[in-house]
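Report on the following structure.
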Amino acid sequence: MKKIEAIIKPHKLDDVKDALHTLGVAGLTAYEVKGFGRQKGHTEIYRGAEYTVDFVPKVKIEVIVDDDLATKVEDAIVEAARSGKIGDGKVFTYDCAGAIRIRTGERGPDAL
Amino acid sequence: MAAINVGDTAFMLVAAALVLFMTPGLALFYAGMVRSKNVLSTTMHSFVSMGLTSVLWALAGYTLAFGSAEGPFGAIVGGLSKLGLSGVVSGVSGVEGHLIPESVFAMYQGMFAIITVGLITGAIAERMKFKSYLIFAGAWVLLVYSPLAHWVWGGGWLGLSGVGALDFAGGTVVHIASAAAALAAAIVLGKRKDYGKPELVPHNLPMTLLGAGILWFGWFGFNAGSELAADGVAGSAFMVTHLAAACGMIGWLAAEWIGHGKPTSLGAASGAVAGLVGITPAAGFVDVLPGMLIGLIAGVVCYYGVRIKTKLGFDDALDVIGVHGVGGTTGALLTGVFASTAVNAAGADGLLAGNPAQMLPQIVGVVVTLVFSFVVSFGILKAIDATVGLRVDEETEERGLDIAEHAEAAYVF
Amino acid sequence: MAAINVGDTAFMLVAAALVLFMTPGLALFYAGMVRSKNVLSTTMHSFVSMGLTSVLWALAGYTLAFGSAEGPFGAIVGGLSKLGLSGVVSGVSGVEGHLIPESVFAMYQGMFAIITVGLITGAIAERMKFKSYLIFAGAWVLLVYSPLAHWVWGGGWLGLSGVGALDFAGGTVVHIASAAAALAAAIVLGKRKDYGKPELVPHNLPMTLLGAGILWFGWFGFNAGSELAADGVAGSAFMVTHLAAACGMIGWLAAEWIGHGKPTSLGAASGAVAGLVGITPAAGFVDVLPGMLIGLIAGVVCYYGVRIKTKLGFDDALDVIGVHGVGGTTGALLTGVFASTAVNAAGADGLLAGNPAQMLPQIVGVVVTLVFSFVVSFGILKAIDATVGLRVDEETEERGLDIAEHAEAAYVF
Amino acid sequence: MAAINVGDTAFMLVAAALVLFMTPGLALFYAGMVRSKNVLSTTMHSFVSMGLTSVLWALAGYTLAFGSAEGPFGAIVGGLSKLGLSGVVSGVSGVEGHLIPESVFAMYQGMFAIITVGLITGAIAERMKFKSYLIFAGAWVLLVYSPLAHWVWGGGWLGLSGVGALDFAGGTVVHIASAAAALAAAIVLGKRKDYGKPELVPHNLPMTLLGAGILWFGWFGFNAGSELAADGVAGSAFMVTHLAAACGMIGWLAAEWIGHGKPTSLGAASGAVAGLVGITPAAGFVDVLPGMLIGLIAGVVCYYGVRIKTKLGFDDALDVIGVHGVGGTTGALLTGVFASTAVNAAGADGLLAGNPAQMLPQIVGVVVTLVFSFVVSFGILKAIDATVGLRVDEETEERGLDIAEHAEAAYVF
Amino acid sequence: MKKIEAIIKPHKLDDVKDALHTLGVAGLTAYEVKGFGRQKGHTEIYRGAEYTVDFVPKVKIEVIVDDDLATKVEDAIVEAARSGKIGDGKVFTYDCAGAIRIRTGERGPDAL
Amino acid sequence: MKKIEAIIKPHKLDDVKDALHTLGVAGLTAYEVKGFGRQKGHTEIYRGAEYTVDFVPKVKIEVIVDDDLATKVEDAIVEAARSGKIGDGKVFTYDCAGAIRIRTGERGPDAL
């Protein structure tokens, strides 16, 4: 199995979710993160003091899929999350050694 | 200074403070409904009106609205003798026996101007440039609000000394006028980028509910205070105000429960506000049961009113038209139905008290306010759009106006 | 209309508004203490009382409580001549020289009914069906609150014109009555699934503290306003109310610091509320130092009072019994100890002023209120449970009532 | 009891409630600006003053401030006949025709003491031991606030019956005194560990804005109420208070927009407060345009004032000195410039009304207050530091004072 | 070493933590996530507009353990987190190539 | 490529970010987590009831880098995040099988 992690712009989450759903991916997990990268942050002002905030809000999604689905998932994410502007984010892929569905105890790809 | 009435003055000082307090309440009410990246921007819309509108009111608005109604233009606009609140510090207002310091009257009325501007901003949330908003707000106070207040309350052509439209506390001047401006703004500004997307849900409903609570509290100053005296009419205005808010809440919740199967807290708050809006023009003129009926009807009608925008396809982000336009119109018309001189001898009888003729000035009041405010607002907005520009750029809208326009983040938990 | 006193009317208009404002304050106070998935549900409990109770009060509650005490049942319940607030718009209330419009009186008293219902809801948090709550609340207003108010303040058998129990602003009618109903509800509803688990900590204490601040502010309307006039007794009620709140805070904090080694902000807020509850029945009857003592004692006693639930094993989620029951009882009894006609000629002397006999009506007041409210509440709840059902299902409780009952999420940051 | 004026009493009861409400407002205002781990600690600083200061005020503060000014020390401190508010319950205050119950006067003044202590705490945020704060606050009320109030308002040597410094509502007694104490505290406590780091940004600006809204609302009680009557001067104080707040907001925003290119919501709130601070000493003495000017100047000057700390290198965490010190001083001096007996016959003429001599007592008032409060505060703080210790340990500061000092977490979302 | 990630129902966190503690696991890291899967979301209503929210609140825990403890940890989590209802969540296992304790600089299994 | 995850004290985030930036790391992702470990939690008191909270707030950062940079990144994090007190946290390293830059579609180390 493969674990695919994507860091995307927050408002792309729904599109990515829908794209993966169409692909037959049964589940995914998402959470809010702060990203630091090429996309510039911003300046904040509080009573005359200026602060530079380098981090930009992003959403990270994680989806574990069977090996043969991995490339399709990567491509689907890239397509759904792309706006063409700096800060669109990244997709990273890792090996996943095991999976269990807690409810049933099923293991491996069946657990997905 | 002529002998002021101490009790009335005590009441009106507090009433003015209460109406001022409505504006931070409104800020919370609105800000809870936007996304967390636009909280401060939305709050600022109301807050800055406490600064800007107050200053303009003192400099010119008050005299345009409540300056002398004598002279050739007296029916249209107040005389200029009170520019800069000149002489107000030692003047008195009101009728013999119920005189109050003019300073109190001028401020009390100024608080109405502040919140009326604030109300409009529900339509411009999440996409208007702050600078352009300031220009619009300033122009609107002087070109729309002040003349309208003069027409209805300042001895001008539309109110009791003219056409005879009854408007106890601002159903036309405040609610319909702000809603018409909101409509113009929603049209000229266009929809938010994410309009219709699920992410457009309220970010902090407890904030909205607190705002509604403050509004309800302050509305007693708004409606009962509009009697300008602590007398029986103030008491009856207080009573129907409270009960209309209650009935508005019940009406909206019932309609929602039937329509969607669930009663929401935002529905409770919206219904209460709808009831308050509905009763505003009627407050000092109607008895208990008509007052409750007005609230109930306003609650139900506004529940359907907020759907107009989806139908008509404009993005009135926080439902100024659906609540204040629809509710204000409902209230203004029902005032013509239910008004009774048995409640307030200084008012007029309405349809049910045997005076169907009262419906006419009520309709005139609604239509004139709607058209006047819409047309002038539209003009102002178009002029700003053509020069400074009205709308933030796409990236600002995406990132949120708090950071882009105010260089601040609302929350850092 | 007979000549009303303008100053008193000014005061009572504002006092009524202040008491209304306590209910959103209470909503915050309670909602800050629940988990974030039940914030709106808890807020709605108080909010909807502003709608439902107000309407029922106007239709029937007011006349049941303050209708004529003449006639065969006059000691038990008010006559029905004021159904639908009939005639109130032009009536007057109070004593000669201090007359106020009856509309103001009727609304002022209605605000008490609203918040009393709200107080109960601390016991039902996080598990009661909204629909069942509405039925309960409605029945309770008419079957428990209105008669009780009649007994104590409406010329009925328990108050000064009957048994002679002193209750200036609602120690029995408001606090003990709501706590007894809360006890019944906690028993009939049963414990929350997660009762005792660490996840049951307050989700937003700043919200609770703001709520406490609003309650303190509004309580001046509640207690000083109960004099129904802006006179010296109102002033003294204001004074002891404030100082009892202060002493209640100090008392709770001291007890907590000694008991747990840390003074908490929730303790400060709870102690202040305990002090306010304790002084409520005594407010217009006692001098400064007794007032401070009552507050201090209430603060300490309620600190221990909130542990009763753990001992007795019922889940009074937000401590209605520990604070309002224990505090209200303490205050009602200490009123019998400290009352003095030197402070208020219209009151009575208590134990320390040489009239130990006053303890008896005080005890009767407490016991009657407790038993009456508990029994009727228990009956209503059991009837609802047997028909509509009282409690949400397990999945709803787990997911949170906001989404399941109101289809809303409180926060989207 | 001599005949009280019902209307004035109505007003002052409400004014006292409004001033009390400012303290929870201040708590929000400050707490929104700290990090989320110190929210409750900061809130508690203000809240506990409602408990502690009230009790000390009742026991001794009131008599030290407003006890008899006769006798050998009468110019320095009030006589002790009113220890424990003895006799206050049946006393009256004020001038013939405008008498109010002394209970109301004593509480109204007590609310000033509460918030003055609260103001200081902006300087000690995020690092002071709670226990040490309590000792400091208690000592300060009795050793600094009460004598100062006596000097200026209690018939002592500094006010109208002495040197002749004009201070309508507390520019010196409240704002300069608290700022001087804040300066002492910032110096003695030292900087926060993370001073200057970007993580020191406000955690919840909507909270701060709500606090500012409540402060503005309550300030009407503070300034208009300082007339102690619902008359024309109260009306004019109300008017200039409101307009100065508005102008303060505009002033700060303009300065910020020019200086940083962006107008912030914290700037709007800070500017409004600066305007309110500036107008406080002048409120009942100046006409509209001077009042607006004072507000505008205060807004701009305080915008620069908050930078002093960076220059001088002390950590006045929430800018007590920059806003209340600078704003209060500006206001006190400008009162000497703009005061006019045409506005208030009981006041004095200032520079522009042809009485340059009024500048002297104004300067004396500022300097005396600054020096007196700073020196005594410094002494108290040093004494506490040498015994109990002032500052929490490093780990507590890192983890946050909420958990370490109060065993609570503000938020659990 | 192995990294074990589990996505569980939020109110199971304490039980899982206790179970792992009993097993001798010295540390773990947890955070809130939003899950999309078989368990249905809910409908929200705001002024008459209905929104479908597909994501359900979950907690994710991560624990890095020595290889020989991995299976025990998996089993302990499954047991502590199971309620038998849809949405109980998943356990995923990955290889972990290195670990350092920041305080001491210890590396490998000693760092855990 | 390697993925390096570090769990650190929240107020060290800026220092770590700066250290990595200096090292030439182009991007990283951070989020707030709750940690359970040797560092003790605290007691909370609500109306007389005491609750023990075992979790301590931490920040987790993730950075994916080319293999040859991995050790330097580990060392830089350890150095920047260390205070020498219990609870300083851990650094974990994993293999990363693939990376894509969403904006451009670049793959592998070029995507970083």
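Which chain is which? They are A, B, C, D, E and F, in the order written, and residues in each are numbered from 1.
Keep in mind that, in the parts below, contacts are C-beta pairs under 8 Å (C-beta built on N, C-alpha and C of every residue); 3 or more make two chains touch, one makes a residue touch a chain.
This is a predicted model, so every value here is computed, not measured.
**Student:** Suppose you hop from chain A to any chain it touches, then on again the same way; how many hops at least until you reach chain B?
**Tutor:** Graph distance in the chain contact network comes out at 1.
**Student:** So which chains count as neighbours of both chain A and chain F?
**Tutor:** For chain A paired with chain F, the chains in contact with each are D, E, in label order.
**Student:** Taking each chain's centre as the mean position of its Cα atoms, how many Å separate chain E from chain F?
**Tutor:** 17
**Student:** For chain D versus chain E, what separation do you get between their C-alpha means, in angstrom?
**Tutor:** About 51 Å, centre to centre.
**Student:** Centroid of chain C to centroid of chain D, CA atoms only: how many Å?
**Tutor:** 33
**Student:** Name the residues of chain A that each touch 2 or more other chains.
**Tutor:** 31, 44-46, 53, 94-95
**Student:** Two or more other chains touching the same residue: where does that happen in chain B?
**Tutor:** 5-8, 10-11, 14, 198, 201-202, 204, 210, 260, 262, 264, 266, 407-409, 411, 413
**Student:** Which chains touch, pair by pair?
**Tutor:** A-B, A-D, A-E, A-F, B-C, B-D, B-E, C-D, C-E, C-F, D-F, E-F
**Student:** Quick one: in the complex, what on chain C touches chain B?
**Tutor:** 1, 4-11, 13-14, 16-17, 20-21, 23-25, 27-28, 31, 39-40, 43-44, 47-48, 50-52, 54-55, 58, 84-86, 88-90, 100-104, 106-107, 110, 130, 204, 207, 210, 405-413
**Student:** Can you tell me which positions in chain F touch chain C when the two form their complex?
**Tutor:** Residue list for chain F touching chain C: 44-53.
**Student:** For a test of understanding, state which residues of chain E touch chain A in their complex under the given definition.
**Tutor:** For this pair, the touching residues of chain E are 2, 6-8, 31-38, 54-55, 58, 60, 74, 77-78, 81-95.
**Student:** Show me the residue ranges of chain E that touch chain F in the complex, using the header's touch definition.
**Tutor:** 3, 17, 26-31, 64, 94-103, 105, 111-112
**Student:** Under the definition above, what is the set of chain C residues touching chain E in their complex?
**Tutor:** 194, 197-199, 398-399, 403-404, 407-409
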